[in-house]
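What follows is a set of structures to go through.
Heads up, the next two complexes both have chain A, just with different partners, chain B and then chain C.
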Partner chain A sequence: MIEAKLSNDNQVLVISIKGIFDFSMLNEFRQAYSTNVDAPVKVIIDMRDTTSINSSALGMLLNMQRHLKKDDREIEIINCNDVVKKIFNITHFNKKFSIE
Partner chain B sequence: MISQYITSIRDGFAHFKLAWLASVIIVIAAGFIFSSILVAATVLMVSIVWAGASLQHFTKLREKTAEEIEASFGGRVDSQAMKCLENIAISSSYELPPLIESMDQLHGVISDASEKLHQSFNGLTKNSAHQSDLTLKIIDQLHTKDSDDPSSLIFDKFSRETSIVLRDYVDLTVNVSDKGIEAANKVQDMTVQMDTMFGLLEQVKYLADQTGLLALNASIEAARAGESGRGFAVVANEVRNLAEQSAELNSQIHENVCLSRESLKETNILVEQIASLEMNHALEAKDNLDEMMLELDKASVFVAESLGISSGISKSIQNDVANAVMALQYEDMASQLNEHVKTWLVKLAKGVEHVQPLLDKGEISNILSVINNVLEKQIELKPASNRAVASSSVDHGDVELF
Partner chain C sequence: MSTNKILVVDDIATNRTVLRQMLSRITGYTVIEAVDGKESISVFKEENPDLILMDINMPEMDGLQATKLIKQSAGDDYIPIIFVTALTEESSLSNALASGGDDYVSKPFDAEVLKSKIHAHLRIRDLNKQLQANNVELSNVNQQLIREHDLIEHFFKSALEQSYLDERFVNYHMSSMSTFNGDIFFAQRSPQGGLYIVMGDFTGHGLTAAMGTIPVAMIFFKMVIKGMAISDIARELNHQLHKLLPTSMFFAATLVELNAQGNILTAWKGGMPESYWLNENNDLKGAIQSQHMPLGILDDGDFDDKTEIFSVEQNDKFYFYSDGVTEAINPDGEMFGSERLCDALVSTSSNRIEKVLNDISEFKSSSVQNDDITLVELSCHEAPELEPVVECIADNRFSIPWNMSLSLSTSDMRDKDPVEELSETLGSLPVLQRHKGILAALLSEIYFNALDYSILELDTVEKNNEEQFIEYYKLRDERLNKLVDASITFDLSYEPVNQQLLIKIQDSGKGYQGHSSISSDDELHGRGLEIISSLCENVQFSDEGRLLSLIYRL
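On to the complex of A and B.
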């Protein structure tokens, strides 16, 4: 399940991903970053409740990056668990995204 | 006779001892009692004279005894000596030939064993050299030739390349997922566009229906107009036909778009399969690889060290063998000593043969002179070469290897 929250000043969009981040979240995730995309300067992907990911999540993040980078928006991924962090490390996502 | 002699000697000693003891006691006593040096000196001189007489008696007695011994033994010595010489000759004729034969056998055994040992050591040297060569070749093979670092083993290259393969695999996975998701997004876009198309088709269908209805109304109105509306009725009929054809086409398009939407759904599933790869495999592979690298590092160090040691051992074996071969030169000395002993034994046997016939008839003085002649010849012939081998050790001087 995906929740998208826009800050009061419309500057920051926080997208929280709950459960397994995989292909089944394709449309939901795309909507989360594309429908609220007009105002925010910064997009934060909160993975506090993300249990695991597969390669489609990586594809979705890259597609999101391409979509948002057109307007020079900052992206930050936060609260990853150890396994997810490991996957980001071996796929060199830690060099493509700001990961906390 | 001997006991008498011993008693006389004992008597002599007794006199001598007594005289000395008495003189010493008297000197001390005189010194103490009279404190007179003159008296003591006098007594001392008397005692010396006494002791001298005793010594003379002892010497005479000894000379007399020696003469008496020679006189009583003279006749018996000749016969005893003859018997002794005979026995020596007989036992020598029994003992010497087998001894000479044994020396020959000993020589054979030593040279045979020595030859076999030489063969073994030569084989050992060759094999050890071969082993050493192989070790060096292995060391050479294990070092990568294209690397700048000469100490880096082929394992390092292997591990580096494996890392590259894994990285390529991960990059490929990410790339496929990226493109797959992009395709899935496009499919999603197309699905949305098709839904729009369905809406439009509905409107087209509505238009066709309305046109048909209008045509129907028009033909009714034409019939009511009678003869004058006859032409209009034909047109209205044509319009109605066109409306029906239009509705037919519309439903065909609807059908095809429905099929396309089904195809898109299937495409979506395929794209999902392509884009969704479990990353656990890559993680496990990465962990295994890291572990393997560590093991390989350890193994390569161990192999390099072991090969170095092995190479050293081979050299040490070669040295040991060389020393052993050098030590085998003792065989040469043993043979020379053997030969020397044998020569002397043969000479001894010949001497005994020479003496034997004389023993039956001759007198002891004749026989002894013959023996002495033989011995003197030997002494003249070999004045200095008592030893067959000059040195008793192989450590001294250079020794050529066989």
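On to the complex of A and C.
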């Protein structure tokens, strides 16, 4: 399940991902960052409730980065559990994204 | 009815006899005698009479002195002493009453008057006895109450001690706990480094209000340790309090989380006064308003867990307070109010809590009133690294080897997420518990490789940009729906001696042994094998890529 929330000043979009993050969330995830996206200067991906991810999710994150980079928006990935962190490290995503 | 014992004190035997005869005509009285003041004291102590008729002028010790001593020794017990005297001068009478006597009758006395006076004083004595008994009971109840307050204080303090109270982040003032006022404040950090605060106010005072702190503290600390979202904590608190509390009781509360980077503040607020938000330059940047009803009122269906998100900067500060702050009253009956509070906050950049408290006490000046004030300051900074949690691993080594096999048919692949189910099942085994998340990631990689590339033959489909990526999953759906007679089989063997899990996955497709190359870091595919080979050893394809075997070390 994906939930998107704007900060009260519309500057930050927080996208929370619950469960296993993979392609089954593809449309939901795309919708979360492509709508609401006129104003925010920063997008935060909150993974506190993300139990695991696989390579399809990595592709989805790259898609998002390309989409948002066009307008120079900052992306931060926060609250990753150890499993998610490990996979980001293995795939060197920690160099491409700002990961807490 | 018990008889009343009346002590007659007189040095003249005739007088004693007259009184005795008169009193014996009234039912319910027994008469005892003493011949002077001195004897009256010892008789009083031995016989414990209910009323004393006392002569004034006697040898050895006069009635005034005896009265003083008897009253002293009676303490809180009311022992009525009526002087029977020939004295008529007012000064002597007032002397007699000043020594502790309760009344007098003048000789020669009227029997009816004496009778009614005795009767009246005995009634007072009965009332007094009743009062004494009530007092004892009251004092017991009071003792009980003090013990309960000690308990509340103990509980609250130990909960507060669990709190994360690093002064760089959290400063607070709470009124003393002599009577618990229902205000609650806890703070804690999550494993991810986020700082959580709950600050609120239970309806009522004392034990009733304190009862609620127990579930609040338990739920708050438990959920923060798990790093759960503010909206989930709010929902759970509401659920439990709604279940536990009587209808008349609820919990107005502010729940906030400052993330580890110190740049996002998430808040849920119900029934609390607004919280102020200041930056380094003492500008009021905004306020967090209550969006909801207090916790514990609505049932799950009506409850709204919607939070507000604030994009904050380093050194921004938030101020949370109970209504005791704005409702402080001065001698003219005026309230301190939120305007004075804001003025106090923006007037200084250091020690704002102290400033507010000073302003309030100046404002109140002489007016005496309760001091139910809770004021919390949260400073936004990047969180310092948490001490790494030393994982306490129970020795879950299972000494018996086992095998497990799972065959998936076409419909299993189409309708369900078999990997999620499989990893849930494996994760429930003690020996694999700690590996659940990684195993889920690993199994998902090998499963989707087999399904997507070997069975659905999607390995040749490009997914280098977002459009292709979406097209890929569309195509995947189509092929999956048309799929007939395919199978994927997992074989898992646990080897306790080597502490490893042997994993084999066999599919009925055309086979897949990896993409030819990963051309750049930006490729949207091809990371699956990278993940697999980093997590496992001995990764081997066989049967033209239809069988993959690997070893996962535990």
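Just so we're on the same page, the second predicted complex is superposed on the first by the 100 of 100 C-alpha atoms of A that agree within 3 Å, B and C clash if a C-alpha of one lies under 4 Å from a C-alpha of the other, contacts with A are read in each partner's own complex, and residues count from 1 in each chain.
Note that a residue touches a chain if its C-beta (ideal position, glycine included) is under 8 Å from a C-beta of that chain, and two chains touch if they have at least 3 such contacts.
As the structure is a computational prediction, the values presented were derived from the model and not from experiment.
Quick check on the chain A-based superposition: chain B and chain C, clash or fit?
In the superposition, chain B runs into chain C.
Of the partners chain B and chain C, which touch A:Thr51 in the superposed model: first, second, both, neither?
Second partner only, chain C.
Touching A:Asp22 in the superposition: chain B (first), chain C (second), both, neither?
Both chain B and chain C are touched by A:Asp22.
Determine, under the contact definition given at the top, whether A:Ser7 touches first (chain B), second (chain C), both, or neither.
second
Applying the document's definition of touch, where does A:Phe97 land relative to chain B and chain C: first, second, both, or neither?
neither
Tell me which of chain B and chain C touches more residues of chain A.
When the residues of chain A touched by each partner are counted, C comes out ahead.
Is A:Glu76 in contact with chain B, with chain C, with both, or with neither (first, second, both, neither)?
Second partner only, chain C.
Pick out the stretch of chain C that clashes with chain B after the overlay, from 313-321, 367-375, 475-483 or 493-501.
So the stretch of chain C that bumps into chain B is 475-483.
Following superposition on chain A, which residues of chain A contact chain B and also contact chain C?
In chain A, positions 22-23, 26, 30, 53-56, 58-60, 62-63, 83, 86-87, 90-92 sit in both the chain B and chain C interfaces.
Would you mind writing out the residues of chain A in touch with chain B in their complex?
Touching chain B from chain A are residues 22-23, 26-27, 30, 53-56, 58-60, 62-63, 83, 86-87, 90-92.
Report the residues of chain A in contact with chain C in the complex, numbered from low to high.
Against chain C, the touching part of chain A is residues 5-9, 11-12, 14, 16, 20, 22-24, 26, 30, 42, 44, 46, 48-49, 51-56, 58-60, 62-63, 66-67, 76, 78-84, 86-87, 90-92, 96, 100.
Quick check on the complex: what are the chain C residues that touch chain A?
190, 192-194, 227-229, 259-261, 264, 266, 286, 307-311, 417, 420, 423, 437-438, 440-441, 444-445, 448, 463, 465-466, 469-470, 473, 521-522, 524-528, 530-531, 534-535
Mind listing the chain B positions that touch chain A in their complex?
Residues in contact with chain A: 170-171, 173-174, 176-182, 184-185, 188, 272, 275-279, 282-283, 286.
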